[in-house]
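Both of the next two complexes hold chain A, though its partner changes from chain B to chain C.
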Partner chain A sequence: MNRNFSREVENNMVNVLEIVEDEYIHPGTRMCAGCAMSLIYRFALKALGPKTILTVPASCLTVLHGMQGFCTTKLSVLHTPFATTGASASGIVASLEEKGLADEICVVAFAGDGGTTDIGIQALSGAAERGTNFIYACYDNEAYMNTGVQRSGSTPLGAFTATTPGGKTRPKKNMPKILEAHGISYVATANGSYPLDLYEKFKKARDIKGTRYIHILSACPPGWGYDPKDTIRIGRLANDTGFWPLYEISNGKFALSQPSKKFLDPAKRKDIEQYLSAQKRFSNISKQDIETYRNYIRDQWNEIKRRLENQ
Partner chain B sequence: MTDLKKDYQKILASVQKPVIGEAGKTGTWSRLKPVIDLEKCIPAKSGKFICFNCWLYCPEAVVSREIPPKINLEYCKGCGICMEECPVNAISMEEVKFE
Partner chain C sequence: MSLKLSKNNPHNKAILTTGNYACAEGAIAAGCLLFAGYPITPSSEIAAYMSRRLPEINGTFIQMEDELASIACCIGASYAGKKAMTATSGPGLSLMAENIGLGVMLEAPLVIVTIMRGGPSTGQPTNASQSDVYQVRYASHGDYQIIVLAPSTVQEMYDLTIRAFNLAEKYRTPVIVASDGFLGQMMEPVYYHSNFEKVERKKPQVPPEKYKPFEVFDDDLVPGMAVAGTDYHFYVTGLTHDIEGTPEMTPEGGETLIKRLCDKITRARPDINDWEEKYIDDSDTVVLAYGINARGVPEAIEQARQQGHKMGYVRLKSLWPFPDELMEKLGRQGISKLIVSEMNYGMLIRETQRFQHLFEVSGITIPTTIPFSPKFIYKKMMEEI
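Showing the complex of A and B:
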């Protein structure tokens, strides 16, 4: 259990009471109990406000929105095929520009990791290259959870999925880096266990022009294999072990976010084994893979350190 | 002309209405429900607007941000995140019967 009272509240600029009271999702959705994605979606919509149009490909989010006839979200949502998220957002932005509403209404594409790293990357890359004025948010639960946990480009090394029964042999695709290479105005990583940090990032992204990309790690109880009550704890471990650092790059300027700042010092990081052993999907991971993880984390943070020093 | 009208009606029919409880009463998903001990709960005890970790971390948004915090058991899925995140362990999971 978490005994650090309001750890995040103390450290962050946003206070829990400053977050808007309005909820944009009605309770009683189809999401699994303890789903981090519904928490992410809840705070993202709070930050974006009512003047938002969402475009969503097939994903767990489609399940949240419900069956034909009824929906759970109070905002306008366009459901699109898997590969067209970026293109559909470009279309919505173009029509808003034609009507003169582009400054007022924010267009947001919300997709899963499969729809971003595998199937939707072409349309997203195209939209980013065109400089479409929209936010692309990817909630990353590290496999195709909606269809029964199949491997995606975002699945980490050694993880069990339905299509990698012996553990995945390739590492996770670094999507924020790919989007950063497009030279877009804002790239950020977030984590469902830090909703205040996430809220701030979406609020900040809303006021920036150009293509903005936010990649959010989203813990998934059935897919990752842990008890639903541990969702927040597992997400925190991903941050505390240094596996998923939280940072933002606005107009080329790199900055670490508050929850990840202290992990620049390697002594403060927890061992990656704590994160891996808490999830059943890593139950058969080899010693060699764990060593690869340690090297990956070390290299990742060395690079962050270099970037912070050289700017 | 009539065809156009029909098409428009079809589009209108595909517009979905936001409703509470799209998946039914999700409170029935779990036997165990969170119960707040008001003698331990920080906002209830101090009467101040502080803490509200249960409201912050609830994925279903069924906890209210008021004094004392209330939980809508009709739609609470019983995941237990609020119990884990409560800094003073004021929330316990118990078997609650509700209509």
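Showing the complex of A and C:
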């Protein structure tokens, strides 16, 4: 870790020493061992600071928040039905605007991939189209983990879930692209294995007006089928294989983030099989599907390259 | 998962399985070929089981993007001629509400399973409840009747799911199976028997050129149903419609349709309503219970009878349409008191209070998530008499 942090410092990224010491979640959450989301949530809240209101639909995050007189989050949280996260945020924002507090207090919707790509997409799209002044963060563990690992629109090709016993036959929905199509002020991807990059993006998003969307890949030991100690390694493989590139789009301008920059060169990317074979959910994946992954990654990076060249 | 057991089970041996799996097997036994659903605790295992089981019999499992989509998919499948089912729990059923009304309006046979959990809102996802007794009856807006069955055992999760499909086909209507978080998750021995009649929906009774989607020829008020994509053309809508299926906005048109939709269910009450009863003939006091919460009642009654109390019980297997005939029968038998026992703050008890001219009504109505033990029911009964 130290080696990687120092490398990031060299590249003018946020320094680990710059991260605020204040904690906004108490220790002792109810998350599974090795859950990337608890790390994501911790760093995101550090970046957002105390003047933040959260709205959260049904998800693993509602489990994290604790029970029986024990709440792990120090910030104010409003729980909202599964389908209405974007709409709930719209209401909070409207009220703050009327009170003249909208610049001071940041409204953040924090939802899982099911609550974002499936049931929540309508409310999110509505809020984004209205240019609602809020941050929508999707922590993407690529299935309905809270209810026992059923597939979501964000489950990747070939992954086994409780409702895709033969492996999913369709690829992952590209949610950042859908949000970008709304013409919102900020879209970024992040990864639980790169907390400094994630911190920086939340920090940046906090100071931007309009709808801001951050989609964070969140490795899940029980749902993906790997040893909890490997969470950071698995997340890094998603980056190193080029499967989950880290980038941000500020007012239409596309920029690759530091951890993903070097993978513009295909030779530097690891083969996707390393990522897939490390997870039990891909244990029955076909050769054809692996080839589809290779093509997908190739096309994805060609598109990134074209964008960088043309802007 | 009991999948291998169920596949190899020769249908004459009991196997140990959960209520949710038994429900899924019941659906398959009844001829269900499409399941559309969305994950929600404590019903998700039904979807997970169906995702494995349906492809084996050339059926279709679709995980939808939400509950609106799940039930809408079932209505579509039903109109294209398949027996369809979805399963959910309280918050999911709330999202299905509008489409339940559409299912009633279009007279689409389909089965909705709800595994009740504590509410309102997110409530207690991993616990049992009977607090959706009104929700299953009144989820949609509008004036309508609906059939709701209430299993008490894992065996009944199988049996009543089959019955739900049969009633849906027979009366061309959505049927709800109202189970709960315990019954869905707990394991009991089940016979996956096949000694039942499989009901298929009424076919069009006239040739294609004379077909009107909602023209009724029989006393049961149920019109014959064409399959989408065949020679029979139909146009159906959620708007109030005439027998042609086209919108009909006159007061009389609305009255005719709503009366028929309601009457076809209420007139069939003697066929639909089902219950188990014991010691009714010689009882002064009768306990009425249903679902998981009825399981402690027989033992409490036996104890009371050993103490010389003239008590009996009724366990409802169908909740809606409410069995008025049963209440009248209890009145005729001369019972003086009915004690309604339910895991909510008093829901079905209000229906029984319509019969207070026949007997006194009191309740053990507690909005808890633990079914009442025989000891607790006995204690409460003794306080009541």
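Here, the second predicted complex is superposed on the first by the 296 of 311 C-alpha atoms of A that agree within 3 Å, B and C clash if a C-alpha of one lies under 4 Å from a C-alpha of the other, contacts with A are read in each partner's own complex, and residues count from 1 in each chain.
Rule of thumb we're sticking to: a contact is a pair of C-beta atoms (placed from the backbone, for glycine too) under 8 Å apart; a residue touches a chain by one contact, two chains touch by 3 or more.
Keep in mind that this is a model prediction, so the values were computed, not measured.
Asks: Touch check for A:164: first (chain B), second (chain C), both, or neither?
Replies: Second partner only.
Asks: Per the contact definition in the header, classify A:283: touching chain B only (first), chain C only (second), both, or neither.
Replies: Neither: A:283 stays clear of chain B and chain C.
Asks: Please tell me which partner, chain B or chain C, touches more residues of chain A.
Replies: B
Asks: After superposition on the shared chain, which partner residues are touched by A:174: those of chain B (first), chain C (second), both, or neither?
Replies: After superposition on chain A, A:174 lies in contact with neither partner.
Asks: Within their complex, state which residues of chain C touch chain A.
Replies: Spelled out, the residues of chain C in touch with chain A are 38-41, 44-45, 47-48, 51-52, 55, 61, 63, 65-67, 91, 95, 121-122.
Asks: Enumerate the contact residues on chain B facing chain A in the complex.
Replies: Touch list, chain B to chain A: 14, 16-26, 29-30, 49-53, 55-62, 65, 72, 75, 77-81, 83-85, 87-89.
Asks: Please give the residue numbers of chain A that touch chain B in the complex, ascending.
Replies: It comes out as residues 1-6, 16-17, 21, 23, 25-31, 33-39, 42, 65-74, 195-196, 221, 227-233.
Asks: Residues of chain A touching chain C in their complex?
Replies: My answer: residues 58, 62, 79, 81-83, 114, 118-119, 121, 144, 146-148, 150-151, 153, 162-166.
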